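Here's the structure we're looking at; comments come further down.
Labels for the chains are A, B and C, by order of writing; each one numbers its residues from 1.
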Amino acid sequence: MHTPAGKVSGYIVLMIVQIVFLVLFWLFVRYEKSAMPSQLVAEDAGSANEHVSKYPQFQDVQVMIFIGFGFLMTFLRKYGYSATGYTLFMSALVVQWSVLMKGFLHMEGGKISLSLESIIDADIAAAVPLISMGALLGRTTPIQLLCMSIFEVALFAANEYLALNVLSICDCGGSITVHAFGAYFGLAVALMLRPASDQNEAGKHEGANYASDIFAMIGTTFLWVYWPSFNSVLAAGSGGERAILNTFLALAAATVTTFVVSALVSHENKLDMVHVQNSTLAGGVAVGTVCNLLLGAHGAVLIGIIAGTVSVLGYRYLTPWLTSKLRLHDTCGVHNLHGMPALISAIASAIYASLVTADDYQSELQDIFPAMVGSNSTASKIMGGLGRNASTQAGYQLFGIALTLLIAIGGGILTGAVLKYTSFRNLQKDEQHQDEQFWEVPALENKEE
Amino acid sequence: MHTPAGKVSGYIVLMIVQIVFLVLFWLFVRYEKSAMPSQLVAEDAGSANEHVSKYPQFQDVQVMIFIGFGFLMTFLRKYGYSATGYTLFMSALVVQWSVLMKGFLHMEGGKISLSLESIIDADIAAAVPLISMGALLGRTTPIQLLCMSIFEVALFAANEYLALNVLSICDCGGSITVHAFGAYFGLAVALMLRPASDQNEAGKHEGANYASDIFAMIGTTFLWVYWPSFNSVLAAGSGGERAILNTFLALAAATVTTFVVSALVSHENKLDMVHVQNSTLAGGVAVGTVCNLLLGAHGAVLIGIIAGTVSVLGYRYLTPWLTSKLRLHDTCGVHNLHGMPALISAIASAIYASLVTADDYQSELQDIFPAMVGSNSTASKIMGGLGRNASTQAGYQLFGIALTLLIAIGGGILTGAVLKYTSFRNLQKDEQHQDEQFWEVPALENKEE
Amino acid sequence: MHTPAGKVSGYIVLMIVQIVFLVLFWLFVRYEKSAMPSQLVAEDAGSANEHVSKYPQFQDVQVMIFIGFGFLMTFLRKYGYSATGYTLFMSALVVQWSVLMKGFLHMEGGKISLSLESIIDADIAAAVPLISMGALLGRTTPIQLLCMSIFEVALFAANEYLALNVLSICDCGGSITVHAFGAYFGLAVALMLRPASDQNEAGKHEGANYASDIFAMIGTTFLWVYWPSFNSVLAAGSGGERAILNTFLALAAATVTTFVVSALVSHENKLDMVHVQNSTLAGGVAVGTVCNLLLGAHGAVLIGIIAGTVSVLGYRYLTPWLTSKLRLHDTCGVHNLHGMPALISAIASAIYASLVTADDYQSELQDIFPAMVGSNSTASKIMGGLGRNASTQAGYQLFGIALTLLIAIGGGILTGAVLKYTSFRNLQKDEQHQDEQFWEVPALENKEE
């Protein structure tokens, strides 16, 4: 039984969190030098401009997070308020938390520097719990989701720090640190929250209608269009242009493949909107970690073809199997859109890393594989020392994904246990996949009108 | 009784207005030098590029005006054609009118200069009557709306000139000159068009349905995402980056606060889509005037928390009171999204202005508070002379909002009187909040299919 | 009678096409120098940045192609999966094909250079079959559409090469090479696929409902907002700013005119969503070819007024006549949005070209009208030699549109014949304008819920 009082205490906790953020911002966060007035008139304009030259890509990422993820999840016919609303709520909380968490890991002089880069990082961090939310969609209360996102983002920041700064792996588009982490964390939570075996059938509201499927295509299409910005926003030098080109081609190839494979494996050879909404994007995930490498157009296209195929087959065969055997309900199929394509990306990164020569990457080796440069580097935290050779770097790439899976799944199981066994309210079967429990919904006569 | 002939004459007047615009463009408007071919090959390319470097932000503002405002107003279940259509119609008329009106106020040699800056200003001007339209949504004919927008934009341009060039107030994101002006002008018109006291109940079509609420979330989300561009597009130097950062954080804090307060004050502690669609954006308005100042992250977050709270409480308690006591129907609640948050922004600007020292802003004082610089400035029109101290500037900020309210409310009452008492047709109660009066709407059997 | 096997073979052919693309990418495509690591650290950063400075405009064009075209075509009430889905499918195929086709026409050393410019061109090429798809919407199988797009894009690339590189016409926004080509090719295919004379009435599903019309407005509005980017993305120097300004003003004037003329000519003087969704955009097409010329604001506005008027009158009077007399069904009315406005643009280009003097365009004459420059140019392929005078260039502009019409209509007739008389399956009358034939559609009870 839930009581309004139960809800109230959850929301009040979230307000306290917001006020704690306010205090932490006041104590620790300061504008970076580029965002402070300078003594010279307009002399620094050049460098200031350069500093915000990533702004258009940041805005593309914003659209992906808020419109893309939000609308992609509106496909459930009675859960559209929650899909778009919780996306906004969760992201607004997480972006603040990410500025603080990632800031604490990179403080200078006891202060956190706030710049455009901080909020780019914050938007990317917001993707992580949104991916996990996809695995749980319709099966949790908003309070559970929001609390999960706070735990998850802290763990994400730590894992990312380990992977990028200690293990020194390449992960330009974040497929390992963002997509694999978010997907397997969410799946682990979903496993913990799995229904009793006599309640394992799909929920009665767990499906799309015609309009909700088209709303979801708004999300899909904006994610598709802006994915090159997501993958390239943190790339440097000519790697930025390669990230754009490779991502674009991988998405195109994954899309063609998705339509074909969807038709071939579906009932009566009809196209399935679930595949079109999701698997078309798998190319963007699968090329993520390696998007700034010298893949060549054919490399990007090949990765796209593999990703589209694996993703559609995952939706068609693996997801139903996981549901029936493990009672693992993955509402949006994030395993097929984020999980497996991210594994493909990690494997691709090991393969391409094993082929790297200093000649290929010239001066950009420092940016892309800093641990493969000689001892004149200053990044002293790198594990395994400097001057790694190509096969060592390949091994580290695999170590990176393994560690990420370990932390994500471990963290997810722990978080799921907290959400299930502590005083959080859990949804009953018939309360799932519908807004009415937590939202004012227009009375039926309006809808019928 | 309306006759087609009545509609016809209104549309013909609007066509004549369009042709008058054509003639005025021909007589007065010329490309600015940056948009003219030069003698040197590519030598000026640098400066030309610099000139259009605001283009991505301009496009963000375009999306806010046409998609953001247009879809935010689709929440009414039978008024979606009007919401999106009149937004397009009104904005297309206003942007031309704004190029001319603002041009006449800044002519050089009898000619108006046309550049990217002109159309950025034009898009911002389009926001003003769109805000007013929100207060009136569903209660006017399109002819009334369009004619109102022509009066209003002329008055807006004059008030903005007074506030920025004569009073020399700071208003980087336009909360005073755009949001407060548009909101209170629209509310004054709404007051003039208020129903008779026996017709004060809500219209029978005045409400959302499930799909219309999700369409409205498209508007909300794009406004949310691109609001940092709106606030920063006219900022200079490092103030541009601060405007982005402060707006982002204020929006995030307002959003978290909106969800919490909405749940706490609503019926059965359920979230209310009206709050989610609107109050989440109040942080963007409330930080507008001060977005390029040295607020610090905590300042921006505090403003966001206050704005979200005030906005939700306004929707929950103040709007129903205004409706029942004053018969002031504010269909979209612009008072809660634009009006009160803009007042918060104006007050914040007085507080922050009172704390300004030349040391803080260094070389940027000239851009942000030109009247506080010594006599070497050339801006001779500034009222109160140059070399203002901080508390004088604070006073001028309050003078600026007071003058804006005076002109907006006075102009709105006058305009409302013209719309009500002259030969404009007024909508009857049962014609309100539905497209059918002015649009071909698909026959019912299609909708039921 | 169709059998699943019939569908299967079509999809398998498309998969083979995708694999052929993979091989061609592997054999022929290489990153351009700007996308390759260089020896020097960050020294080339400036030029690398310059190289990707068109990226924000590319992203705007991406939104136009995938969201704009996709959602504009969702107006049919039972064809929304197809509209958004086939847009994604077709564009994903075409962008790859365009990189290859246009690459083959500009190879250097037997290799195709891949850069941001390639994918900008690819997105523009994707518009061509999407325009044709508008003429055929709901009347073909996806296999027919996709195969058509492969033929069409090859022909488009050849025609564009002839028009721009051999005839050396100006066509900055592509109204001749993209809009006229796509529209008349599609209309020619539609003519070949025309129904028997006893089946000439509209399909029973060929219409909008309330929600589908609002979904379509998403497409319209994004096309409107980003059209300046489409027209200016390939412009150089100050022509880029003129392209933005002229397109913006032409759209605004066309929009006002569309609303007025729609009301004046429609039944009971009610606004018609078909006009609002489409004719408001006609100004963008009509100004396309000349958008970087010295039109002046009044020139752009005049073109917009003409385009809006012609387009609405076309929808109101010409389209029904073509349908009843020629059995030419143009589902989206592309003749009124793309066809006739493109002819207006071509005629305008001849008029403005006839007025060009070297003094007007200074150093930019080389970019805009290369054939009008003296013999020091290196573009030796230009037909008619170098040093053309203004009236000769005007003649070439008309020659360019005539050749385009010839190739488009000829190619369309041929393609239509192939689609009709070879082993492609054709849709029966009652299978048209609905998704169910090729998509899994939610069962009716879900929709009614």
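Details
As a convention for this text, contacts are C-beta pairs under 8 Å (C-beta built on N, C-alpha and C of every residue); 3 or more make two chains touch, one makes a residue touch a chain.
Worth saying up front: this structure is predicted, and the values here are computed from it rather than measured.
Taken as a graph of touching chains, this assembly is fully connected, with contact between every pair of chains. Rotation angle for the C-alpha superposition of chain B on chain C: 120 degrees, rounded in steps of 5.
Taking each chain's centre as the mean of its C-alpha atoms, chain A lies 34 Å from chain C. Among the residues of chain A, those touching two or more other chains are numbered 56, 211, 218.
By the touch rule above, chain A contacts chain B in their complex via residues 4, 7-8, 11-12, 14-15, 17-19, 21-23, 25-26, 29-31, 34-42, 44-45, 48-49, 51-52, 55-56, 59, 62-63, 66-67, 70-71, 74, 80-81, 84-85, 88-89, 91-93, 95-96, 99, 114-116, 118-119, 142, 211, 215, 218, 438-442, 446-447, 449.
Chain B meets chain A in the complex at residues 53, 56-57, 60, 77-78, 207-211, 213-214, 217-218, 220-222, 224-226, 228-229, 237-242, 244-245, 248-249, 251-253, 255-257, 259-260, 263-264, 266-273, 276, 280, 294, 296-298, 301-302, 305, 360-366.
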